[in-house]
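Multiple structures are listed underneath, in structure tokens.
Both complexes below contain chain A, partnered by chain B and then by chain C.
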Partner chain A sequence: MSGPDRIVIEGIGAVGGFGCGISVLSRALTEASSSPGTFDLSTGSGTVRIPAFLADVSRLGEFIPVRTLRRIDRFSRLALLGSHLALADAELPEAERSRLGIIIASGYGATGITYAFLKSFISDGDICASPTYFANSVHNSAAAHISIQLGATGPSLTVTHFHLSVPSALATARLWLAEGRVQRVLFGAVDELSELIGYVRFRMRHAPPDTPMTPLWTEMETSIPAEGAAFLLLARESAARGGYCTLEASTTGSMPNSGVPFPEAGLLVLGADGCPESGGRYAAAAQNVRVACYTPLYGSMPSGPAFDVAAGALILKGGRLFPSPGAAFRDFPATVPAGGDPVGTDRIACLTLAEDNAYGLTTLGKLPDTACVRAREGRTSS
Partner chain B sequence: MTTVEKLKAILVKDLNLEELTPGDIDENAPLFGEGLGLDSLDAVELVVVVQKHFGIDIQNMDEAKAAFQSVRSLASYIEGRLSGG
Partner chain C sequence: MSVEPIPITGMGCICAAGRNLSDSMRALLRGERHPAPPVRFASDHPIPHPVFEAVDFEEPPDFLRTSAFALHAAREAIADAGLDRESLGALRVGVCVGTTVGAVMSDETFCRGCLAGEVPDMAPIRRILRSNPADVIAREFGLSGPRQTVVTACSSGTDAVGIAGSWIRAGLCDAAIAGGADELGRITYIGFISLMITDDSPCKPFDRHRKGLNLGEGAAMVVLASERVLRRSGMRARSLVLGYGSAGDAYHLTAPRPDGAGLRSAISEALAASGVSPASVAFVNAHGTGTPDNDRVESRVLQDMLPGVPFLSTKGYTGHTLGAAGAIEAVFTAACLEMGKIPANAGFETPDPEIGITPVREVTMVEGTVALSESLAFGGNNSVVVLGKA
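Coming up: the complex of A and B.
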């Protein structure tokens, strides 16, 4: 796509362990600082406390009455908060929400409410299964909640492709916009750290306490489980009212022998998240390119690549790089630009590696000056 | 704890009435519409709640309609069923 058919990221809404809102994310990126909290788990040997990046959804009350939220589970609350933050960031008027498509990407889905439903079913019998729990356990329920609350009448979809959920869903978003099926797409990646996921992470990926995330380190687990939501409001450039950057491409595939199919001289944002089995593969992909990695700021979750995209969009809009947090590249001789350096490229790609040599690559481009001028004029006159 | 007090606590927790405490609920106020502001989906949840916490299966909708007038009427209905009424 080129010219007015380019896709623009108009607004970003993000909530996670770093805090809530794009300005808070930007500050965390600038300061390369975000500390995990703790998450208490019930295990067979008592309560265990693990480090975790947890999201605070209390700001959702600014957008939706508390009574309205009572049947909405935590996963959907994360999604609703991210969606409202993105729309507020883009200053999209309510009148322009009708032809809005909703696409949610999630690696795990609404595990908290789904397993609460199953637990009630098993413990109390089918006659006591909560209809509200059941409704929220339906795979597309978060997208439905968003559509209902926003009055969006476009299509809604939830994509689950584990680590590749984000690039897969973004590819669909691009398709919807290219077809003219919708005027805008509200894309969001969501994962919640439910008790179930926390337990699984504790059993399968237990990092030593007080160990910072070291994404390219292959010798030990350093991933810290996380939850959050990152939303992007997408529109074709001809309809966009402003924005951060263009969404040039989003692809998935099997990694070719020649390495990441990414144009040279750009910046590669690595989705490496402290899992040792993928750390080596990320390190191999990072050879001979300028790389950055921001996962230590928001933690390890399948939706992480959407936060990488948000970081890339902020870099392209601001023209300056964010520093990769201190431990990101420990003992790895990568070409890592310092924080505050000029971005030095019109293109940033976000790389996600998955099982079986699969990869996802989302490429962002600098918003053309003409589009910026038109966007500014549009916002001024509105 | 009386049945009324137990019901109030259950309503707040199981119906996620996050803005209320059990003490905020007027036991004589209507459960639906004005009063506590519950709706038809809550009625279904209430049937489940009564089954789950008190072991009472409500199948007669006329009975349910009378019982679901207020916390007080629901408590009376539950106490009546538990005592074999």
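Coming up: the complex of A and C.
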């Protein structure tokens, strides 16, 4: 897509283990530094403390009255915070919010409230099941809460496709904009580290304590579970009032024998997250390409690829590369540019690998020096 | 501005009405329905609520019943399109599937184990993780195109068909398998009863004495193909996806907006995309769950936007199959257009003065080449697909 039909990332909202807001994410990327906290799990053999990247949603009170949040669960709070941060970053006027399309991608959905719903009838019998918990456990509850809070009556979509959720949902966001269904899409990826997901991660992917996330190391598990929300306000360029970069393409599919069809990407951001099986596949896919990997800054979660897109957007806007965190490329033979280097390309691709040889690829482009860029630069970043 | 119609070259369905589309249509036209208390699971709820289970279907142990339904319907649709694994391999084929429970990390046995302080077997979780319905279909048939699992609650199936149509128009794939799938289990059953929107007798969509919905389960899939592939492959079009529209209520998590504004927008968008006028609509397959709120809102909108157009709900034969409903109802709609007749709205006996219009009460011949299938969903999603006779 070129010319007036280009899709622009107009605003970014991000909250995760690194902190809250695009400037905080930018700082974490620049410093290649973000430390996980801890998460206490009840297991059959007592309480276990595991490292985890947890998000703080307290800033949500800046956007929504606390009273309104009473019956809104953590998953939707993460989404609401991410969405408001993106809208604030883009400085989208209130009057334009009602016409937004909303697309949410989540690997697991609202697992905390779903578990709470199950507890309600497991503990006290079927007749005591909580209707409030059930209503909030529906996968599209976060999209619903956002649309209600914004009064947004455009189309709404929620995609839950584990690690392919983000590239798959972004593909639909592009289509909505290209078809002219809406002028803007508020796209968000969100996952919560609930008690249930924490336990599942502990049982299935238990990394040794104090091991830094080493995403491309194939000898052992190093993933650190995470939660967070990354939102992008997407607009047709003709409607955009500024932006970070263009969203050139997003696709999913089965990996061809010839490898991932990189679209002349000058830099490939790898979504590798410390799982040894996929680490090897990332390594194989990334031969002879300039690569970066930022997952050690926000951790391992299915919605991680949206943070990769946010990082790519910041690189294209700033013109300088962020360093990949120190442990990202242990023993990995690749061309890893240093932090601070000029980006040296107009195009960045973000790669996600999933089960069954499936992949997702999102490609970003440098925004030409058009009127909307000048408009953006004339405003103060939030 | 209208969009390019997308041919439907194959259809498949499994639900309480039948194990395939032709059996299901035969049951609908005979007026057969068999709601009964659940037999596949138990509940200590004091009042049994009838459901529509696909009782003669056993899923393999490898993956969720939802995905087994999806695969069953996909196999029928692919065979109906005259395709096989080899011919699919020569095309870039996408998969877009709507579901509600097919992507949920909740297994009651596992959660009970966690809560009891045990170390529960991880097998149920591993089964969930390899059961994403779109992945299961792509894996089974070796499909290389885009994949998406849509979870917009009860409009998921309609949305999946609409999105897959967009993929083909945009050239993202040559063909697509699209639809919806959902199984019925204790969690859903208990949850809907807790919301007090289920009927403890067979559901009665649009009836004055309606009390709520009955849950169901099943799947439906369509094979969509581009005109170019259609010409090259020798497939024939059974029906056409003429247009799709969707809009949000921005009102409530579980209740439809009383003025039906979201549904009105979705119908308007779908009709505009199709390039057809309300007067040319032969019939509407309504969402018609049998809940007081849904049927009130939906019938008001139909009365205003499509006055005099025959309408029905097929949920009296299938129950509310949630993420599968939009797809099941889309293939029923396409099959009815082929046959030129629609079944009676099962369960309807007494007109509701508050509604003011009545659904069809007997098998009715319909003229025309265009019909609508509507879905309203939790979260305020409203989705409409316009289908045309090939």
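Quick notes on this structure:
In this section, the second predicted complex is superposed on the first by the 368 of 382 C-alpha atoms of A that agree within 3 Å, B and C clash if a C-alpha of one lies under 4 Å from a C-alpha of the other, contacts with A are read in each partner's own complex, and residues count from 1 in each chain.
The criterion applied here is as follows: a contact is a pair of C-beta atoms (placed from the backbone, for glycine too) under 8 Å apart; a residue touches a chain by one contact, two chains touch by 3 or more.
Source: prediction; values computed, not measured.
In the superposed model, A:363 lies in contact with neither chain B nor chain C.
In the superposition on chain A, no contact is made by A:26 with either chain B or chain C.
By the document's definition of touching, neither partner reaches A:223: not chain B, not chain C.
Looking at the shared chain after the overlay, A:200 reaches chain C, while chain B stays out of its contact range.
In the superposed model, A:303 lies in contact with neither chain B nor chain C. Touch criterion met: A:124 reaches chain B, while chain C stays clear of it. Of the two partner chains placed by the overlay, only chain B lies in contact with A:67; chain C stays clear of it. Of the two partner chains placed by superposition, only chain C is touched by A:159; chain B is not. Annotation for chain A, partner touching more residues between chain B and chain C: C.
The contact surfaces that chain B and chain C form on chain A in the two complexes overlap at residues 127, 129-131.
Within the complex, the chain A residues that touch chain B are 66-67, 69-71, 120, 124, 127-132.
Against chain C, in their complex, chain A makes its touches with residues 42-45, 98, 102, 108-109, 111, 114-115, 117-119, 121-123, 125-127, 129-131, 134-141, 143-145, 147-148, 150-162, 164, 168-169, 171-172, 175, 178-181, 196-197, 199-200, 203-204, 251-254, 256, 355-356, 358.
Looking at the complex, you find that chain B touches chain A at residues 14-19, 37, 41, 44-45, 48, 51-52, 57.
Within the complex formed with chain A, the residues of chain C that make contact are 1, 3, 43-46, 92, 100, 103-106, 108, 111-112, 114-115, 117-119, 122, 125, 129-130, 132, 134-135, 138-139, 142-153, 159, 163, 166-167, 170, 172, 186-187, 190-196, 245-254, 261-262, 265, 269, 377-381.
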